[in-house]
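Alright, structures below, take your time with them.
The two complexes that follow have chain A in common; it is paired with chain B in the first and with chain C in the second.
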Partner chain A sequence: MRKYELIRETFCRRGYIWIVHVVWLVLYGGFWWLFLPESEKEVGDFGRFLFIWGGFFLALALSAGIFGDDISSGRICVLITKPLSHGELYLCRLLGLSLQAAAHFILAGCIIVILRFVMRKGSIEHLGIWLFASWLLFITVAALSTSLSVVVGRIYNSLLILVVVVTVYFILGLLLSSMHQKADTGILTAFIRYAWPPFELLSKFAGGEYGKYSLTVGRFSVSKSIACVVHSVFLTVVYSIIGIILLRKRQFSRQRD
Partner chain B sequence: MAMSNNDDKQAAVVECKKLTKIYKKLLAGKSKAVCALQDISLSVGKGQIVGLIGPNGAGKSTLLNLIAGLIFPNKGSVAVCGHPARSIQAHKGLGYMPEHPVFLGRYTARAVLRYHGALSGMTRQAISHQMDKLTEKLQMDEYLDRCCMDFSQGMKQRLALSIAMINDPKVLLLDEPSNGLDPIGIIQLRNFLKELRAAGTTIVISSHRLGELEQLTSDYMFMYRGQVVSFADKLACGHAGRLRIELVSGGNAIAEKLLSPSKVLSVSDTELEIAVDDPGEVPDIIIDLAKGGARMMGVLLERENIEDVFVRLCSEGT
Partner chain C sequence: MQIKNNIKIWVTVAAIGLILEGWAFYVVSASPEHWRPSMIVNDEPEARALYDTMIETLQKVENLSYKSKCSAPDGRVCTYLIQLKKPSAFRIDVTNDPSLKTNTLVGNGDWLWIYWQGVRPYLIVDDAEGYQKTRSEVYIKKASPAGKNSIAREIDRLGIIWNGLILDPSIFHGYEDPFEPYINGVRSRGPYNYRGEACDIIEVSYMNAQRTRYFWISKEDHLPRQIKQIDRLAENHVRVEEWSDIKSKIIIPQHKVTWSPPEGWRQWHVPGPDDLLLKCGQKAPEFDLPSADGGRIKLSDYRGKTVWLCMWECGRPGCRKVLPDLQKFYEENKDKDLIVLGFNCTDNKKIARRFVRENALTFPNVLDPSEDAEKVMLRGYNNKTKTLPLHTLIDAQGNVMDAWCGYVEGHE
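Let's turn to the complex of A and B:
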């Protein structure tokens, strides 16, 4: 019952949450309807649009101030005095976001399928795997944003991630192109691939670059596709642990009287 | 007793040992640090109500926050029901009402209470039972299904108190609970807290309404600049009351002839103000004055209340 209430609270946290969902769903439908993916490349373009908007921007929009709002309003003071662990509080919030995203992506899939059925044109090939990859990216970004939300206010936690991600990709892109001929680029690409939110791994996984949706055995006798999923989940866990530690170390007080 | 540095006769439900709390600003030097509490010890027994009083910035809310486990002390320790303040075990028996309660605006009062009951690990049945009890006591029945964002300040206070009480806590921490309450609400709150005390709930209450506190408890902690002034001692050392006597004439001569100078607070030809440590002394003083030839027109005993002592201590700078 405790977990149910905490998860439910995440759904009802802000009035604008439902507006965000509707706007995003309209975006997916509009993109599909306008650009009508037919070829494999077009399908990939639509998948990447869904991946970035659903997996990244939606996570930033929904997780903004997820702890920051409670901390700035002082509501956290009552939550913290309840007999529940900081980990439970954090994980239920993240779970609430993940379930919200799962419902969102299922609905997005239904809208595209209905559009395909109505228009009798376009391709919905690999839509499921793109939706799944978007959901995984959503959870990872949401975990990062939720953790950041413990220490910065609602205005900053999403904006900071957005600015940092864009800046880092821009700078690293420049560095990689300038160091193209050198062997040192391996460290940079490894950092981007493994420590950063898994944009590259998951988009390659969804795009079928690690084998056409088959269990291709990779270097470590594990399917690279599965490895991408596992790595994404692992990053989510790491980001969450950081968030839980921050929550445990944080002090909550509004006044010094 | 709820005083610092004294021995406990009964098992302490709330125990603070040599607490020091310093607020520092990130990247600011030591000169910017504020010492909110300094070496404070407090022991509160079962069924005791302790009032924290002091001017703004005295450290009352900081002490409550430390007991609630919201902040960490720089030195010292806090235990609630024998467990460290921030532990789940301590929070099982704790109810906390902040000075400025905030709720999820889209929830009704019923949903808010159900939510907090669930967070406290209560069953649906237990929540309903406790909710019925609290809404009856605090007269919230007609507001239960209204959205919290439409509540007046008084209703928000009632709801915040209900939230703090939803798990029937052993220790209740109240930060300015009567803020925004109407006179009837204040009386209801006072009666409710008295009932809780009778039932064995330990209450630590911070309030600026000293008259209200006086009706609830005689255990106070007067705090000033992060330190505790033993309030009971100050009260005993001070004047328990003042006797105002109206005379026909000759006030100065009577005071000189019949009264000890340390007892005379003010004197004029037609009025005398005498310090009285015990109201039982009043008849003897009157008889002595009458025998000494004082022609009295009126006598009034003004007892020094907690508010007078508070003002006096503040003006003395403790």
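Let's turn to the complex of A and C:
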């Protein structure tokens, strides 16, 4: 029963969560209505918008202070009492977020399908893959953010991830645009591709690779698609394990911050 | 007991997870930057039919006019305005953006004229003195029988542009792309909406994926909208050609595709690649470079023997034809004081080694895609136009006896 309550709590942990869901859904609809051309076009542009807004920003918005709030208020001491272990507590929170995201993306998909048939513009081809990729990115980012919230107070876990991601990609962009430094960015690029939340791999899994000067063209093969999903899930598990270890190691106080 | 069972379960789950992640890591890290045999494409009948239809459409249409923008990741862009008229006339105006100056090629099926707006650019084949005399009011006139000469190659050879055309406009007049016999296969890469036009993307692999082309072919008129070419040399080279303003149902007026030199203009006899090479009696430049088998090759080690030095590249049809002939020649003359020496300074080592293996080339080969090796070819042996194969005959004293470029069909 307690586990179920913890999972359900992520849906209404803070008052603004419902507002976030509604605003995000309105954004998807607005983008579809305003920015897609009249003629039928591959869902590519919308897919990437959904991927970043739903997979990344939504994860940050929903996981802000997910443990930080409870630690700051001292409520964490109540939560970590038996029979619930630290691992179960963490997993319930993460499962709650994942289920929230699943419901969110299903609803988003339904809204887009309705808009497609009402407005007669845009294409819903590959929309399902984009929704799935967005959900995978969501749970990976949510796991990272949830783990970070164990050590970072209040909502600073989300802010920290946002600032770090923007900074890293900005620096990488500057380094890659300078041709003679390409060799030096190999390690950084590899780290971002494999240890960082899988933006690149999942967007290629969903959208394929059609960049003008890219060294390949087309969608991922079945084996590469499965490998992407496996890697994304593995990263989620690694981030979660880190979060559970941090949760076990921390000493909590009943005092409010 | 239960704890032991739990531990066993978790260890098993962790092991499976790590194995799966290891497999996933292996699969996703197969980078398109590095050549692999799996890049060689097998034929798919439907994709091949699309490719054949594209070529047929290009050859059947009576008049064709289009704009082609050729670019590369370095940001340099060349714009071509191409007008083609059956049976054999054409006009190509080419500009290196953002310059406003235009180079023009006009042909009538017998002759090709090349001329420039204002002062012409300094070309690869120029020397300082010659350039001053031929800076302006000059034109080139060459024999160019329709369907037998490559327009794109004329443009490339002169070195007047940054990025050359990928799809040779000469196909319109029946010219066969020299890479056609080297197609491994054509496969589909799916549909794509290119700037509002429904297209099919096909991938064509040449020479065991040493070169790959992607064509975005319009479903409406079966003509390309975008072509991407990837050359897998020591580094990967990517070029993109974008077509626009395509008109195939117009009639191109005859005056657009004819030209005669204005009064006072002079014909310039542009030096060919052979004219720039080392002359008989000159000392052959020494080199000491890595070989294909991991050792080193020093030219002076062959002093006392006649050396046939052949500079080659996997991706050149002429090289692929001449090397088996050279191998036969090498085997027949092994016991005599005559040695064949190969020299490759541009290719990806994996691709070059595979080529050497597949063609059973046993004569010694320099294989070194370094700047030093490239300097030997470009400056040492004066191959400014990078025309390959380049042959240099060197006598027993290390002097050049003869030097020539290219491969003529049936030339053994």
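Criterion: the second predicted complex is superposed on the first by the 223 of 257 C-alpha atoms of A that agree within 3 Å, B and C clash if a C-alpha of one lies under 4 Å from a C-alpha of the other, contacts with A are read in each partner's own complex, and residues count from 1 in each chain.
By our rule, contacts are C-beta pairs under 8 Å (C-beta built on N, C-alpha and C of every residue); 3 or more make two chains touch, one makes a residue touch a chain.
In this text the structure is predicted, and so the values were computed from the model without any measurement.
Q: Using the superposition on chain A described above, determine whether A:15 touches chain B (first), chain C (second), both, or neither.
A: first
Q: One more residue to check, A:79. First (chain B), second (chain C), both or neither?
A: In the superposition, A:79 touches chain B alone.
Q: Touch test for A:139: chain B only (first), chain C only (second), both, or neither?
A: Neither partner.
Q: By the touch definition at the top of the document, which applies to A:251: first (chain B), second (chain C), both, or neither?
A: First partner only.
Q: Just to be sure I read the superposition right, which of the two partners does A:60 touch: chain B = first, chain C = second, or both, or neither?
A: A:60 contacts neither chain B nor chain C.
Q: A:194 in the overlay: touching chain B, chain C, both, or neither? Say first, second, both or neither.
A: Second partner only, chain C.
Q: Provide the residue numbers of chain B that touch chain A in the complex, in ascending order.
A: 23, 34, 36, 56-62, 65, 68-72, 88-89, 91-92, 94-96, 98-104, 106-107, 114-116, 118-121, 123-124, 160, 163-164
Q: So in the complex, the part of chain A that touches chain B is made up of which residues?
A: Residues of chain A touching chain B: 1-2, 4-6, 9, 12-13, 15, 73-75, 77-85, 251-257.
Q: Can you check the complex and tell me which residues of chain C touch chain A?
A: Per the stated touch rule, the residues are 17, 20-21, 23-25, 27-29, 32-33, 72-74, 189-190, 192-193, 196, 201, 203, 214, 228, 230, 236, 238, 240.
Q: Looking at the complex, which residues from chain A come into contact with chain C?
A: It is residues 37, 39-42, 123, 179, 194, 201, 208, 210, 212-219, 223-224, 226-228, 230-231, 234, 237 of chain A that touch chain C.
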